[in-house]
């Protein structure tokens, strides 16, 4: 299978320790780990925000050989939430996703506007276009950030806890949307806290603890429970549903 | 009404208002009110017509015209710079003098008056402003690059240091030159001339052009560091461009008219209240509105009484109540 | 017996001496520029001049001044010309706007002469004066009459009234000569302006300069503005259209700046090249009369005989006590 994103001996201070990772093209890979395991740092390293040692390859190209603009055309990042100082309109937030294709001294063209509206339409949120970003709900904001990532036309999408601060229906909505993107040949690499959502939506589950990758398993692998217990240092029980099984902390 | 249509309407209204204010300013002065003559003069000069002009027309062309045109330029330069810096630094209290520009220009002026008698003060003021900006920039540079906070702190330090030098020069200079320095620092368009306009025009235009062309980029620079990098922004390079634009526009503005406060701080807030924070519209409209407000303020300053008041007094009188209103207002002019 | 007589003689002599000293030590009261009633203990032997130091040679009180403004040492041509040796020996106490209080107190003055520009500084000097036993007088001549009363006041304070009377007499002589000469002229009076440190700062209706212009037969275009140094728009200057322009002697620009300025090209003064830079004589000293004469000569060159100004300059110089170490 083609590898969209690859890391070798990726290290950063004491937080990441020699991480080797392969993310398959067109897959939804989910990063699970306890708080402080290094999930956000791993994402930041891939995006070039932290100064790391080791190698990162995007579609077999070393990241060091790419400019920030070229990286942005290949990887889009959807943060948990944005701390905007300014109250931009939704359409303006999505338009910013076109930045890698717009020159320093240029402004978005009508084509960029078309792509931005198309991205909103893909997620069925085109009615939010003229609304202030701060006035929409948490779930809607997450979808707008996904729309921005879509407008960025990157093939690799990284989501840092996209379901944090969302209620149940919105969690499902957002993850379904991400899954749909992978069916359109995009690669998604997300971090979650809830292993059940990972089992439900992800193709691969990658577990990180104390800055090290401890395992990478298919979401359909039933030995997941044991790895999860080792990951979270907690006893789990499992329940087999129609197509997936569910894990939950043991009450005994 | 669609939001975009509303913005277009507001922009058109502001632009029209500025044109009217400018025309009225040309028409009005100590010599009297000549609304038709002022248009005639411009038409004559524009099309190089040779019809005889009255003595008043000399006043309008030689004295009012360069003064008003310089007001427009400086107003646009300071407001555009203020808007660009407020977005880039994510800080509503930032004004265009942040990077040591006013202090540097003040020092350049003080040195010119105190030690280089007969030299062209605006040139030294501009040189001082540019050098101060460069000093601020490199002082903020660390191994990890240049951060927003680093630039703000560096600007504060450089400004304080240079103003201390200005105070020292004010102390040791003879009392006659002292008045010249103090007057210059207060900010005024009273000595505007075509020569001064010609000197200021290319720099302010270049600075405003850079800021205007990068107006979409400024939206990106207003995001958090992580987001901006993820969207392909080369933070250091693009911030450097903005700073260069601000340095040219503000440095030349201060060199030609002294230190005029509040315009660069207040106008972006005012426009953001009306049309929102999108810099693609905010930057050009801030420039236009700033130009108009500066012309209006200067016209008031030279017409209120027989004295030619420093224009900074009028801009302060306008700016302070506006900020009180802003503080009490529910909408925070596009800030979250 | 002989021994007893000697003691009585010595005691008597001491008594006479004491009473003589007592009768010399007196207190006078003067009113200064701020309207304060100031009590000065005579004789004044240790004065500090923060302003008005050009009066020292005219009053002839070199040896009674122990401290002076920094500006006198660094920027005053007159003082440097006639008393450079003295300037080197006398202590500097800062400037009128930035007084070095410590140095001043250390000099143990009995009188401080300062400017009324910073009332807080004057108040502080007053407080220190009450503690350390010195008087504070502010001077700020707002016109010729005020200049004369300042001269008389200082004459009284330093007990050189005869000298100041003589100087004032000479000044009056110059003014009267100008008036008489101009009265004979049938010419209409010309309109003019006096420019200070910048080309748009003029002499208004208050101050010594407007009075001098008046005596010199020049109608001050800016007389309607009741301020000493108002800044006006260039448009206003063009509207006034002065026939003669005077530039302050200590301005850092010259006649060329006015003559070559396209904005002022329509002025009669510029067209007729009647733009003159004053010699840098202080108008807060007796030489104000010479400034007046100089202005009258420029405005009405044929009215006065050649050499009159030079003669008066010599005459005024003869009033100066040059410093002898």
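Each chain carries a letter (A, B and C) given by its place in the written order, and its residues are counted from 1.
Heads up, the rule we're going with is that a contact is a pair of C-beta atoms (placed from the backbone, for glycine too) under 8 Å apart; a residue touches a chain by one contact, two chains touch by 3 or more.
Note that the coordinates shown come from a computational prediction; the quantities given were computed from them, not determined experimentally.
Number of steps on the shortest path from subunit A to subunit B, with steps defined by chain touch: 1.
Relative to the centroid of every protein C-alpha atom shown, the closest chain centre, again from C-alpha atoms, is found for B. If each chain is reduced to the centroid of its CA atoms, subunit B and subunit C end up 42 Å from each other. A separation of 82 Å divides the Cα centre of subunit A from that of subunit C.
Listing the residues of subunit A that touch subunit B in their complex gives 44, 47-49, 67-73, 75-77, 79, 82-89, 92, 96-97, 99-100, 102, 104-108, 130, 134, 152. Note for the complex: subunit C touches subunit B at residues 70-71, 74-75, 95, 97-98, 196-201, 224-225, 227, 230-236, 238-239, 248, 250-252, 261-263, 265-266. The residues of subunit B lying in touch with subunit C in their complex are 29-31, 55, 58-59, 62-64, 113, 117-118, 171-172, 174-177, 179-180, 183, 188, 190-191, 193-194, 302, 306-308.
Remark: subunit B residues 2-4, 87, 90, 213-217, 219-220, 222-227, 229-234, 238, 241, 276-278, 280, 334-336 touch subunit A in the complex.
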